[in-house]
Amino acid sequence: MKGEREFMKGNEALALGALKAGMNAYFAYPITPSSEVPETLAKEFGSPKYPEFKSFLQASSELEAISMVIGAACTGAKVMTATSGPGFSLKQEGISYGAAMEIPFLVADINRAGPGLGNLGPEQTDYFQATKGGGHGGYRNIVLAPNSVQEMASFPALGFSLAFKHRCPVVILADAFLGQLKEDIVFPTISTERFETPWATTGAKGEERHVLESLHLDFVDQSNYAEHLIEKYEDIDATEQKSESYMASDAEVVLIAFGVVSRLCKRAVNGLRAKGVKAGLFRPVTLSPFPSGELKSLVDKGVKKFVVVELNAGQMILDVRLAVEGKNTVDFIHRVGGLLPASSDIVRRVEMISR
Amino acid sequence: MKGEREFMKGNEALALGALKAGMNAYFAYPITPSSEVPETLAKEFGSPKYPEFKSFLQASSELEAISMVIGAACTGAKVMTATSGPGFSLKQEGISYGAAMEIPFLVADINRAGPGLGNLGPEQTDYFQATKGGGHGGYRNIVLAPNSVQEMASFPALGFSLAFKHRCPVVILADAFLGQLKEDIVFPTISTERFETPWATTGAKGEERHVLESLHLDFVDQSNYAEHLIEKYEDIDATEQKSESYMASDAEVVLIAFGVVSRLCKRAVNGLRAKGVKAGLFRPVTLSPFPSGELKSLVDKGVKKFVVVELNAGQMILDVRLAVEGKNTVDFIHRVGGLLPASSDIVRRVEMISR
Amino acid sequence: MKGEREFMKGNEALALGALKAGMNAYFAYPITPSSEVPETLAKEFGSPKYPEFKSFLQASSELEAISMVIGAACTGAKVMTATSGPGFSLKQEGISYGAAMEIPFLVADINRAGPGLGNLGPEQTDYFQATKGGGHGGYRNIVLAPNSVQEMASFPALGFSLAFKHRCPVVILADAFLGQLKEDIVFPTISTERFETPWATTGAKGEERHVLESLHLDFVDQSNYAEHLIEKYEDIDATEQKSESYMASDAEVVLIAFGVVSRLCKRAVNGLRAKGVKAGLFRPVTLSPFPSGELKSLVDKGVKKFVVVELNAGQMILDVRLAVEGKNTVDFIHRVGGLLPASSDIVRRVEMISR
Amino acid sequence: MKGEREFMKGNEALALGALKAGMNAYFAYPITPSSEVPETLAKEFGSPKYPEFKSFLQASSELEAISMVIGAACTGAKVMTATSGPGFSLKQEGISYGAAMEIPFLVADINRAGPGLGNLGPEQTDYFQATKGGGHGGYRNIVLAPNSVQEMASFPALGFSLAFKHRCPVVILADAFLGQLKEDIVFPTISTERFETPWATTGAKGEERHVLESLHLDFVDQSNYAEHLIEKYEDIDATEQKSESYMASDAEVVLIAFGVVSRLCKRAVNGLRAKGVKAGLFRPVTLSPFPSGELKSLVDKGVKKFVVVELNAGQMILDVRLAVEGKNTVDFIHRVGGLLPASSDIVRRVEMISR
């Protein structure tokens, strides 16, 4: 990864990262704490730096935005939208249609505190919504969880790559803290990657007609199609799990956290090691597919206890417990309402558990 | 339960059951396979039999419908809406607001095949959406899964009772098969139950002003409020789990299924017992809270194998595996696309597994 | 006209007058200064006094309201909506469809100051919009201009009668002053008049199918249909002109005014007569068809001068000048912005002109 | 007027004419028979030939389109929309706001047959709607009536010029025939005219704040403001009347027609002159302000009879009769439903009248 060093907010990095990844279109309805994404794009729209960025529109509603995303995605364009919880909810029907039509697009959810209006602080309460399917019909999104401004910049390219490879919606699940955080990043060079889209509705005269739809009135047709989707999700599960470990190889207690919380946990691991506690960190990068494989291998390596830390009432912990299968205790630390746990709190809690 | 014997469709029973339960208002946007619900209500609206049924409206969209439901619920009215997958997705934002505002209402989702448009056949693919929260912000619905026309008739009363007791949205998750199925039922007598609603915005002059909202800009306020919701969900989990067992006390293999599938499984259990296989059935009636307590007690009683049967790619099975904690094997049978498994298929598969 | 004496606002009288006229349905989106209309109806909805009043709904937009009005009118119901300028503009497309489909309904426009938002004061600036067709396609409304709370109460019955007789939309054009004015009225007895509606889409099984539409793709069909509408408007023009004169038989100067302004002019006529000026008043009750016949007869009787007084920049004056055909001078007095002219101003101006 | 000779449809000429006039933005919802306007613009959007053409959007409704037009106009941009009758009706509220806010924009109405859906043939039935104000509050549009593809190309520049000069909406009232007609035109050179817009909301930091609104709650404020608008309309009336005469100087019978009908009448005049009838043609180019001055001068010159020819039931004829003031007979010929009168029919009718 080469490029100039820059200091910017996570939301700005997400916007510029999408542009560097060759994004063709962006449609959204603004909602705090994601609004710097369209603000940044508005400044760059029309710039000769991004000749591929051809459509940029503030829709008149969240529903209109996702409909525009679907329309653009059908043509094989690289298209993204960004929102926060309430808007993510309003987009669930559209995402279900996108999943069913097998079209690629990116949705960034900058998770604020909820449910309802809640407030503008960071939470990780949309984990279930993103990973288990907020929408109807049992589809699965690929869900990426950046934990730095650098990853906010580089995950759009990763997201487009996965979306086009598997022809499915990809969610970038960040949070209000990460969206507002300012850090130095080194920008990726502009991607010239072009994905093959033989399925796209390009309107080219004299070529084969493509129909992208989700209606299969015949039960056997629908069943075959649904089984095809199931196989696709199994394939994604088998090939796209991604995680990071820190000091986990000899750890007796492993913290598990994603996004911004994983950074606080890393600090806690350092603090615990300094105190002689054999602590480590396991950080899912893909929340869906959940990196169960790597997590199971930690179980096999002899970790005694896991401690999941989340900004919600306990969501990822279900995936952890499913992977651990009752072989280890899984403890839980949480904060909600926009609050973050202090590293020292995590240290204290782990020490208490470890005794 | 007294009353006259009647032969009717599940959707009709749901509508009449809501009326007998004293429903005051119904707002919805019609969608197959739930449309007999508003059709039945349209015929009864204005009838002197149901003087409490004061508002009935076909909204101009799914969003408008859920907004009307929220408005009516704020006044303490017994209000219901019915829909199917795509409409359920569009209502997720509203349901999140309702959960956050702690107002009681019923949402019936007559699950069709999906994702996207899919078809009008039965599936159970909205299990995650209903139980894990399709909407943002980590709320929990109470989810009831009827398995007969009789329960379609009696669950609205149960749903209202739970919704007002816990001040939360309650989902009745049925499916296209159950909605269209015709059976003899004995109707419950009309409920005269009145719930206390000291929190409602009744507009009564000279009384205390009530505000129902979901916005808590201060992080500590939101955190306290979110912790209050967490406690409420723990309380619901502790008190409202509901399930049914059939021949499970001495069973070595236990089938686990909800809704219409539980009936097929019951037949399979009979078939297996006839062949000497010690089979039983565990049927969750509440999908959320999931009846883990009763299921764990089956584990303790010595069940060797569980077989989950669902009309989806595997959703409830996660809750089963979380309850079982790796102590038993959990096998899985599924059908999708509107198809149902034959009892004989289930029998064959269990025999194979049991060997 | 019999009934109890009551003291009320013009808007309340309009609402109750519609109920006494047997109104079946009311759909509207509230807008000041018409909001007392739905407020009054909300109180009476469900009352055993008005068993014919079966549907009452606050729509979610002006467009939805007029669409509901159209739907109800197609069934032959007596349906009304009320609004003010901005809402009247939004309803123009719907009114054009109603005129084209030849269905009867009432639209009350409580004219506020404009254009744009303007303010909540009285004006008569919607005269052209109501009489010349705000909407596309050259249709004509029948437009009634009440000038008292008593007429606000009795014109709904008149309006329904004309609407069903000619199968067309009828506009009651009042203003903010008349809507808010309180006067003693004697209420009409409840109408039991039932209009024949052989054209209505009643959904009755086994009967002839009725289609109400405005699309005529064939040019000759559309031409024949448009000629039929032209004949209908000529028939209305020939039979429904309605006006009132006061001291006009021997007048040399005749004031011409409608609505609230006609009352100020009547006072001015009295003042002028007291000063020896042979003044009179001509008040159009129907603004469309404009009572040209009666006005022309005044011209023939030897009136020397006409003075039109309006709360706009000069709209009805065009219809006056068209009737007068250059045979007399037509002077103009106006006020706008919510202001009313004082009778003494009118007297002074007429004296100046008369010299 | 210089430029290359081109053969094209009226709607294409309108689109390209707007681009050559330096149009910055176009927002519309497509409706036949105006759809070639956005189709042509879609092809040119992004072309280096039109660097000023920065925003082009198909809105999701007619209301959204006019709202976007208003937003762009507030910034001082040259913005246009095109529609046909039903869409023109839906835009009336927005046009009233634009008139009240005194912002410049162009609305092209390609008049189809009406009311309601009618059909796609040409009519002139939106004359009243365009000239007398379809919307509420008594504003006046400037209305231009092209009668050739050449004028379709050149009137956008004229329209922008008038709109910015008087800060008001300008309507180009064409019809389905003119929109579809193909003719050779010589294109105007690209305009570099820049209008002064000291009132615009440009968002420039550190400069005076501009507020564009239409709300004046105080009655005296609103009155002063309304009087200012009245003066503006009088000024427009005094300075912007525009008409064309053909063989009218010695004519005894003068045909009066606008738009496409004026061409048929010109042919009829030639036919009548060949037969010795002293016929002439008067063609209003501005329908509002109506060219009464020039028409009155024809009355003074000794024209004996006027014959108005319109594709409606008689709309412009009112303005003619108001100008003529009863001094001459004014006869009327019309066609509706998409039909055009034949020149020979006009000739025959005039001969009959002239005897």
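The chains carry the letters A, B, C and D, assigned in the order they are written, with residues numbered from 1 in each.
Quick note on the criterion: contacts are C-beta pairs under 8 Å (C-beta built on N, C-alpha and C of every residue); 3 or more make two chains touch, one makes a residue touch a chain.
These numbers come from a predicted model, not from an experiment.
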Neighbouring chains shared between chain A and chain D, ordered by label: none
Chain pair repeating A-B, as identified from B-C, A-D or C-D when over half of the contact pairs by residue number coincide: C-D
Reference chain A; chain at largest CA-centroid distance: C
Separation of mean Cα positions, chain D and chain C [Å, integer]: 29
Chain B and chain C: spacing of chain centres that average the CA atoms, whole Å: 53
Interchain centroid distance [CA atoms averaged], chain B/chain D, Å: 60
For chain C, residues that touch 2 or more chains besides their own: none
Chain contact graph, described as a line, ring, star, complete graph or other shape: ring
Which chain pairs touch, all of them: A-B, A-D, B-C, C-D
Contact footprint of chain D on chain A as seen in their complex: 46, 54, 57, 60, 64
Contact footprint of chain B on chain A as seen in their complex: 63, 84-86, 88-90, 92-93, 96-97, 99-101, 111, 113-121, 123, 125-129, 132-139, 213-227, 229-230, 233, 312-313, 315, 318, 321-322, 325-327, 335-339
